[in-house]
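For clarity, chains are labelled A, B, C and D in written order, and residue numbers in each chain start from 1.
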Amino acid sequence: MKKFVRIMSVVLCVVLCAAVFAACGNKKSYTANNTEYFIGATGPLTGGAASYGISVQKGATLAVEEINKAGGLNGVNFKFEMRDDKAEAAEAGTGYDTLYEAGMQISLGSVTSGACKSFGAKAKEDNVFFMTPSASEQAVIEIGDNAFRVCFGDPDQGTLAAQQIKDDGFTNVGVIYDSSDSYSTGVYEAFKQKANEIGLTFTEQKFDAENKVDFSTQAGALKDCDIVFMPFYYTEAALFIKASAAKGSTAVFFGCDGFDGIAGQFTATDKPANTIKYITPFDVNSTDAKVSAFVTAFKAKYGEEPDQFAADGYDAVMAIYQAMKTAGVSDVTISASDLCNKAKATITSSSFSYTGATGSMKWDASGACTKSAQIVELD
Amino acid sequence: MAEYVLETKNLGISFGGLKAAQDVNLKIKKNQIYGLIGPNGAGKTTVFNMLTGVYKPTTGEIYLCGERIDGHGQEEINHKGIARTFQNIRLFNNMSVIRNVLVGLSNQPEYKCGLFTSMFRLPRHFKVEKAMRDRAKELLDIFGLLEERNNLACNLPYGKQRKLEIARALATNPKLLLLDEPAAGMNPQETAELMDTIRFVREHFDMTILLIEHDMSLVAGICEEITVLNFGQTLAHGSVEEVLHNSEVIRAYLGDD
Amino acid sequence: MASRKNIKFKYYVSYLIVAVALILFTVLQLTGGLKRSTANLLAEIGYSVILAVSLNLVVGFLGELSLGHAGFMCIGAYLGTLFMKVFSGFIPSQLVCLIISMILGGLCAAFFGFIVGLPALRLKGDYLAIVTLAFGEIVRNLFKNLPWFGGAMGYTSKGYGSTLFIIAFVAILVMLFAVQNLVRSKHGRAITAIRDNEIAARATGINVTYYKLIVFVIAAFFAGVAGVIYANYTTPILYSFFSYNYSIEILVMVVLGSMGSITGSILAASFLTCVNFYLKTHLSGDMAALKYLVYALILMIVVIFGNAPALRSFREKYNPKVLFAKFFKKKPNPAAERNDAGSWDRIPTKIKMDELLTVDVKSNESVQDPDKGEK
Amino acid sequence: MSTLIDGLSLGSIYALIALGYTMVYGIAKMLNFAHGDIIMVGTYAILTTMALCGFPAVAIVMAVIVCTILGIVVEKVAYKPLRGASPLAVLITAIGVSYLLQSIAQLIYGAKPQPVTLINFGHVTFGSTTLNISTLVTLGVAAVIMAGLTVFIKKTKTGRAMLAVSEDRGAAELMGIPVNKVITLTFGIGSALAAAASVFYLLQIPATSPTVGSLPGIKAFTAAVIGGIGSIPGAMIGGILLGVIEKVCMSIPALNPYTTAIEFSLLIVILLVKPTGLLGKKRREKV
């Protein structure tokens, strides 16, 4: 052990010296050596929410490839890098610093809301533009005028769901949400508010990040409901649905955009008879030309069907590209702050709009995006 | 001032149903060397453990200089004035010899020094440290351990470990010193040396000593009074001469024939 | 006396390391030459070192295994943030605010250390370990659910900014001063005596309960301080960070730095944090698992090579002390080397598995075990 | 009622894992921190076998074989060289093994939780209560396994050898008991029990991820300590107690968020009242 301490101290001295040299760098010139436009992002590539991060990464990478194949921006290519944040705020902050020091000029923020708030706070300090594909919490775009999103906001979905359930005439309603996830809590809060407004009563259950595998208690409590609203992600949703089915529930399971991808969680033997439906801006089976072009390209590259997160990632990159093109960016070493000012001005102008895999979008100064939603049923 | 340094009245303990010691009555006068002997399993160490507070006696009372001490914790009993050594030596093996003694000294009122005094190195800390070191060196010198003071205790030879244990016990400034088989594992020459040490301790420190021993030569050589235990009960007690010629004692040691 | 000099040097080398690093990086920071990621790394090193050294006090010096160190850190982090929020209302200086919060956060953690220690220290070895583990889990479960601390989504704190590491390093120096002075006093001797032989310590009049409690409380205090630093480094504070896994990570730092060696703890904590940070920023996606792979391998190889009885002769043969002895023309003197706390493979922690069930909590009561009366 | 059944079935999963902890602890005198991760390996073995051939029975057998072999290999490679070394060294190595298994699983399968369907039993309704058949199966089979284990330890020569080693390793060695073999065997049995636990776990929660074993692992360890570590009936009682308490707490809305706190507080309270756990043997330190 003593020996180890000795070796360690030698290594540490070397590291320390190296750190001192590496530590000296001019803050202003991080982008000076860029030869490509650098789009950075963080997202969960490991951990429970990994599938969303990976989907966004795939979608964004596809977009960057398409752009570069078509000649980039005035002949300058783009590059995209996503750092793992495990959907944790602290990791997203570290990821941001790493990216920023590596020369990131513009960004997709983070994939999940909690992480994106931490990412965004730092991005605001440095004035870095970001267009998050999927961090839907309201607070994300309230960070500053550099914050934009391509997805729905949480409140929109909650309100829509409450109205939909009321309109469909359900009375015995259950809700379950993830109290440790800001997306889930955000949708739930909006749902609750709208439900109270329109006189819809419901039973609620919750869970959190450390108790999201065993749902037998919650399933037991909600097993007599006719419909269960589930504003959270599909991995947990599938477990909850299986647990409910095991308890003999016949309810309709109604989810949000996080449900995209739930089909892959069931096999022929354990797919319950219950109806499963969810709100989404993206329908993989759509016949729309933009959508089918995206789906075909995605399948060709990855051999699997894209989900909504992939589509969001794709659209976010494409929207940034279009904004930069419209703004006439021509200097590859442009600093993040300068690029931010240009992109902001362009994207909020009333003449700017973008149509992609998740529909047609326009932005205002709040950073929110207007687009239409649909409800898809799983067969 | 009470007549006896240590007095026990009907001291007894039972583990479950078994009476490990029963009606032990010891009366030890000041400056005496008192022996507690008996065959294996007679309950000698149990008596020591009761005296030092390791076990709580189920019956009887213990008085140290007239003050009742049974029921107190081990630390408290040590503070009141009983120090001991162990049958299987228990030194602070990973500490140096001098530190072993310093630990023993740390509870003396004259070396009192608060936690924060030490933490923030107030002047009192240095004064106390110096005084303690001087006292420790004195003690080590007496036992001939001064040269080895910076060695680890576990690196000492066996005989010196025994001595160090006694030095550490004396450092707590006791009224009564309990020695648990001090001659165990020693050759006759070492035993003789040990006897000198024990006598010296009595003279030099004005100490009262209670010891457990198997080695009859040692017992006969230095003890003034002896109690013999067998099966937890007092078999005999009196002066060395009386006890060693007591027929019951002989029978207990050598069997019935 | 050569050995004396050696000891002195051993004590001051830890101050030296921290002070040099502090001055060096502070100058860099003030001249604007320090990257933000380096400042972040330094802050991480800062609180890790405090945690490792304070845990070393419990594990290395007192010899009790605690797996709940992250729990005390959790208390410091949450309550420290609360204090920051309260004080920022009427104290304009963020620095003063942070210092007050660090002290108060530490005191709160120390208070809990006292509350937990009082009953828990009656237990020994693994039982104490599992109780401290349970305590850590209870603490974070409570902070997750108590209504004032942001719930399961975490407690949002206001970051201190990139100069945080300077304060963290100053805190390390203060801690070193307190801990080393404590260890090098009669109290420190009493504590190591308890580690070496608890029974003998009791018989020598050491107030074992008092000292155990003191060590626990001091360690908790500094863990709380580290928590406040952590809370100012990252936001929001998430209960999930303070799980027993983190306690174990701190323990690993202590063990690799060799138990009972404060300089060792500082080096190991810095080293592991650097490795961690480097792997974290250079690996992405599922490859991040490589980090734990590397970590696990370092851990196992170091421990097995350092401790396997079968490899003892190998170790002695290739001991750097022996190998370099001829260069220094000085015979290695093990006694002088081992003068103080000793190295960890020699230290008897109270988790003696062989005596594992030998748990006797109140030895001061009559015990129902007839056949062991006389020994 | 259904809460109670749920609790019993969760409890029997904990009990199976706790048995592994307790046996290894009793015999090798070490905390096998990697035990929870053996469960994780079991679930991945099932996942892979199901994907390859689709027969649940084969998957279960496969899980048991893989886990047993893994348990033995880990013991030989990581723990055996340290026999006789400082216990803390063994503990740290166990932590290392735990990290190692998790990271290897993540490198192979990814961190993403994956659904695993073993057998879908469906459910039955008695009057107003609906019961999961898999819950009942878990309860029944776990009871049989535990009874079998008890008989094995009490009645067979090998079982008694294990008891002897846990009582006093040195004496057992002198009596001619092959201590190393017994320890290896203990790891094998403990890991096989973990494999069984992984099967039942998947029946309750049909998904797995590299960290799937840590929480049940630590809960089961708690259960083992509550029951008195080293004691086999203690592990069973502790596991079932903990499982029932967990489910009952979770079903009461006011207590639900504090379930973990309550479970661990229970541990602390029990240890303070009875420092060696419910059925732990009390031994005295020799002075």
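To be clear about the criterion, a contact is a pair of C-beta atoms (placed from the backbone, for glycine too) under 8 Å apart; a residue touches a chain by one contact, two chains touch by 3 or more.
Worth saying up front: this structure is predicted, and the values here are computed from it rather than measured.
Participant: Could you see whether A-D or C-D has the larger number of C-beta contact pairs?
Facilitator: Answer to which pair has more contacts is C-D.
Participant: Sort the other chains by how far their Cα centres are from that of chain A and give me the top one.
Facilitator: B
Participant: Taking each chain's centre as its mean C-alpha position, how far apart are chain A and chain C in Å?
Facilitator: Centres of chain A and chain C (C-alpha means) sit 38 Å apart.
Participant: Using the average of all C-alpha atoms in each chain as its centre, how far is it in Å between chain B and chain D?
Facilitator: Distance between chain centres: 48 Å.
Participant: Could you tell me the distance, in whole angstrom, between the mean C-alpha positions of chain C and chain D?
Facilitator: So the centroids are 30 Å from each other.
Participant: Could you tell me which residues belong to chain D and also touch two or more other chains?
Facilitator: 106, 110-111, 260, 287
Participant: Could you list the positions in chain B whose residues touch two or more of the other chains?
Facilitator: Counting only residues that touch two or more other chains, chain B contributes 45, 54, 86.
Participant: So which bits of chain C are touching at least two other chains?
Facilitator: Counting only residues that touch two or more other chains, chain C contributes 144, 199, 255, 286, 288-289, 306-307, 344-345, 347, 363, 367-369, 375.
Participant: Quick one: which bits of chain C touch chain A in the complex? Just the residue numbers, please.
Facilitator: Counting only chain C, the residues touching chain A are 21, 24-25, 28, 32-38, 40-41, 144, 151-154, 234-236, 238, 240-241, 255-258, 261, 263-264, 267-268, 270-271, 274, 280-281, 283-286, 288-289, 302, 306-307, 315, 319-321, 343-345.
Participant: Note which residues of chain C are touching chain B in the complex, please.
Facilitator: By the definition above, chain C touches chain B via 1, 3, 178, 181-182, 185-190, 192-193, 195-197, 199-208, 214, 335-336, 338-342, 346-348, 363-370, 373-375.
Participant: Taking the complex as given, what residues does chain A use to touch chain D?
Facilitator: 45-48, 50-51, 54, 210-211, 213-214, 216-217, 220-221, 223, 235, 238-239, 242-243, 246-248, 265-267, 269-270
Participant: Within the complex, which stretch of chain D touches chain C?
Facilitator: Chain D residues touching chain C: 25, 28-31, 78, 81-93, 95-100, 102-104, 106-107, 110-111, 169, 210, 214, 218, 221-222, 225, 229-230, 257-258, 260-261, 264-265, 267-268, 271-272, 275-276, 280-287.
Participant: Going by the contact rule at the top, pick out the chain D residues touching chain A in the complex.
Facilitator: Contact set of chain D toward chain A: 2-3, 6, 10, 106, 110-113, 115, 117, 120, 122-123, 125, 130, 132, 134, 204-207, 209, 212, 215, 247, 250-251, 256, 259-260.
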